[in-house]
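Listed after this line are the structures, all set down as structure tokens.
In what comes next, chain A is part of two complexes: it sits with chain B in the first one and with chain C in the second one.
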Partner chain A sequence: MQGVSSPRGGIATSQSPPFTLPMRYLLLGVVGFGVFALDLAWQSTALGANRTWSPGVVALTHTLTLGSLLAFVMGAVYQLTTVAFLIPIRALRVARLNFWLYAVGATGLVVSMAQWWLVGMMVFGSLTAVSIYLYAGLIAWSIATAKTRGTMLWFVGLAHLYLAVAVTVAWLMIVSLQGGGFLAGVIEKLLWTHILFATGGFFTFLVMGFSFKLVPMFTLAHGFSGARQTWTLLFANLALWGLVAGVWVDSRLWLWGAGVVGLAAFVNHGMTLFEIVKKRLRKVVEVPLKAVLAAALVGMGAVALLLLQLGMALQAPGWQGVVALYVMGWITLSVMGFAYKIVPFLIWNQRFSKNVEKNKTPMIADLLHPHHARPALWGFTLGLLLLTVGTMADWFFATVVACVLISLSILVFCVQMLIVIHPKKVIKELTAID
Partner chain B sequence: MIDLNEVRTRLQEVYDPEIGVNVIDLGLVYRMEEAEEGKLYIAMTMTTPGCPAHDNISQAVEWKAALVRGVETVTVDVVWNPPWTPEMMSEQARTQLGY
Partner chain C sequence: MLNHLVVLDVREFLQAKQDPFEQIMAAVARLNEEDVFELHATFCPDPMIKKLMTGGFRHAWLEWEPEHFVVQFYKEATDLPTFHIDNRALQPPEPLVRTLDLLSNHKPFEAGEMALEIWNLHAPALLFPELDERDYQYRLVDEGADLVRVRIWRDQ
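Entry: the complex of A and B
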């Protein structure tokens, strides 16, 4: 090599944010998953005895949704948005500072929920709400500049709009509790609206939207049609708004109709994913991606169960079974599946991509082989199916065993993530860069 | 005078970190030429626009090409036209992926 200077002539299409931004959220998500797993095992007997509205179980639910899923998803979105839409994240400094607001707000909110401390729920709930509005605003601002405006952009954009709605409704419920129950007459409707916009709106739209980029990218699929994606978008929106309307007009028929449209959205989404996988170049479908496909099937199953529940006019345990299957089977399993691909890539990019001139740069699979995801993901799926049966049949023993199995599977997932992340190294990296 | 065959051999050491196949066998390198004495130009692509490993792969190509005797500067252009298709892969890459 003779005094090489190498002007980069190529157009830069990589707009990745600094490592610290997604990694902090992902790390918080992994810790959140760990806390959730331990708390789930601890509260398994309360769940088995159907004490699902106790403060401890409300806190447990939000440890999963806020502490694990949303934290993890926010980190992934900061990274994936730049990849999927070829745009940079706007106001990076605000995004970085917002992490601390979220971490303090969400932690305080979950602890306050566990104690049923209304003042704490009001204060920390407000902090969390502000932080989520900021996050959703930053993503909306960033993707507004995207030049390619396909279905995926609509999915991601609407997901963040629905997130803001879900948070607003939750905040109104807390304000009502604190202010003497001025919304007591509609609190149950508000609760369902919150659940629907958070799970059927934000998480569902986001997972569906990013699947259109991630599944082809990881399976190296080419030549598939994107025609069905628009129908999925339409059905998912109709189902969400239909269900919300059904809750407010209190019409079982309306809810049933919206559920059928929701099922159509999932069937369509499943068919889209299977077409992508059919057109893959990599013969072997890796375990994490199999889990993502299984999650779409479970989502379909959860909506079918919702229809059954509505048709047979079943009582509370059935509803808990539907919500648990949807949140854990569709959303959590999808997030865990994608995590096995996203986290090793981020770490590889941070630690090894700079060694490209050396011959011994490891492959991403050397950090955590996708096959190693098997015990965590399949153990989780098995536990989840058992939990659904146990919850719906009001079967104490099955519910407790299922909770313990899910808990162990998530702990295996956390340990594997931490082995890849290497806490000692990552703390050094996070503090060195900022 | 740059030996383009040597550059090609060097670039076979640059792997897509996710797929585990080198950029030459993947068919990512479209064109290599010595525009002026010692100045190497490489036009390449990625398997998908917005590939998260974009920067790493193009930097690795730059580094490896710079190691070849006679190379003074390297310019790597990442282009999207024509888009990459599976037909651009070598037989070896197809076998490796099970395609």
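Entry: the complex of A and C
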């Protein structure tokens, strides 16, 4: 006799943050994507002519990473953390105020970069750093209370640790640009360390970790094994630290070894995702989810390209091709793919979820049908492949055409997001709730 | 008042040829008006159903597996017998998977003889397209205080 119980948990508190918290970041991310798209088209000739270290291109890169990707990801993390770990976000008021600190800091930093104004970079860089530390701290504090302690928690926790490291290294770089002794001598190593912790650390760990929740959620998959996830976590960590070590000891062998382990991480991650998709209840894999799967393949391709680049001549265009393919193909395509599912979901939840009745209430697909993601996502992928070829082969025409194609695809994405969000309505909602 | 699914499993009592009547009545006595009482037994307990119906309860039952019957008692007036599940402690996508599993594995739902009511923390937005595809009707009511009730049924 088992007695009387309420095995399905009975009372649980609602964990989701107020709509305004994730939505502000997501909105900033969409605006950031739009600015990036326009600037990419504007800078396409500079990129085609291989002027990748010009202030304009440095600012362009950070418009993507800080203005679009990080802003978008922070919004998504505030929402998804509560769903994935069934915990509330700590210090919500701080999180809400931190948005303004981040928006001002990141905007000022990108503008300062474009002008190569060192004082501005120092001031706004410091503001951005403080804001990112606050964000990472809040997430770490929130997930520390999670009762569900699986591989995903490690991915998300480490991602935020690596974000803090990437920001610290970036800040040290800005200090070294002011003429700081020892640091000035290692600025290239600092740059690679920053790139590695930001892309291979934060974004990679976060995309991988949340994929284990989001892909089953959007395909309605269950009954798959989670055993491979632990190996992916191990390989991804070994690869990251191996690459950083390789940069600092200046060893191509270290870099190559770490690259091989990185490839193993991506192969493992890809196999995990395909296994999840195979165990789905939904008949059709929607276009945004296909893009997420494609992004994992592109990530694999980028690491393979890294190995090829290490095995051949270590010339600048090749490295730029690898970084561009990794940042845009793996990270950006994943974020865009998930955005097509997350943004309509949040908006529907805010506007239509109170009383739902068949044929009377709009469904998520009525806001934005997943099929409509096709032109933006596949146009972006095509442009990206062309950009990689153009950059690596130092082919001006291909690079310019690729930049324009990517730019147009992102603009389509932005317009679709704005149609779903409906700026007039969302401004009313954001101001009304506050 | 939050709804609770109060579960009592008396199969071991029945297998040991003991009478679980007192335990059942004690559990029933502790129910709130909105609660659902879920009884697990080795057979469909008709006498107990009759007894509780005289006390104003309605009921719905499913044969979970051979010699495992789940009978639910509730007071809310419904046009179809209604089976309830509480998904509030489950992580996505488990609430959706569990709901779809239940609908597809039990004939009374497919035949339109029984409705399913799920209790979620949030509106299960991703469930509705699946229900559309399977030709189910649904109605969601957000009760506030972390309870969203979705009633799912098929027109006969």
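The rule we apply is simple: the second predicted complex is superposed on the first by the 412 of 434 C-alpha atoms of A that agree within 3 Å, B and C clash if a C-alpha of one lies under 4 Å from a C-alpha of the other, contacts with A are read in each partner's own complex, and residues count from 1 in each chain.
Everything that follows uses one rule, which is that a residue touches a chain if its C-beta (ideal position, glycine included) is under 8 Å from a C-beta of that chain, and two chains touch if they have at least 3 such contacts.
The shown structure was predicted, so the numbers you read here are calculated from the model rather than taken from an experiment.
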item: Touched partner set for A:A365, first chain B, second chain C, both or neither; value: both
item: Which superposed partner A:T431 touches (first chain B, second chain C, both, neither); value: neither
item: Touching partner for A:N349 - first (chain B), second (chain C), both, neither; value: both
item: Touched partner set for A:V284, first chain B, second chain C, both or neither; value: first
item: Footprint overlap on chain A, comparing chain B with chain C; value: 1-14, 16, 83-84, 86, 213, 216-218, 220, 222, 281-283, 345, 348-349, 353, 356-357, 363-365
item: Interfacial residue positions of chain A with respect to chain C in the complex; value: 1-16, 83-84, 86, 148, 213, 216-218, 220-222, 281-283, 345, 348-349, 353-358, 363-365
item: Residues of chain A defined as touching chain B within the complex; value: 1-14, 16, 79, 82-86, 213, 216-218, 220, 222-223, 281-284, 345, 348-349, 352-353, 356-357, 359, 361-365
item: Footprint of chain A on chain B - complex, ascending; value: 13-15, 17-20, 38, 41, 47-56, 58-60, 62-64, 66-68, 70-79, 85-86, 89, 97-99
item: Touching residues (chain side chain C, partner chain A) in the complex; value: 2, 4-10, 12-13, 20, 23, 27, 30, 85-94, 96-97, 100, 121-123, 125-126, 128-133, 137-142, 146, 148, 150
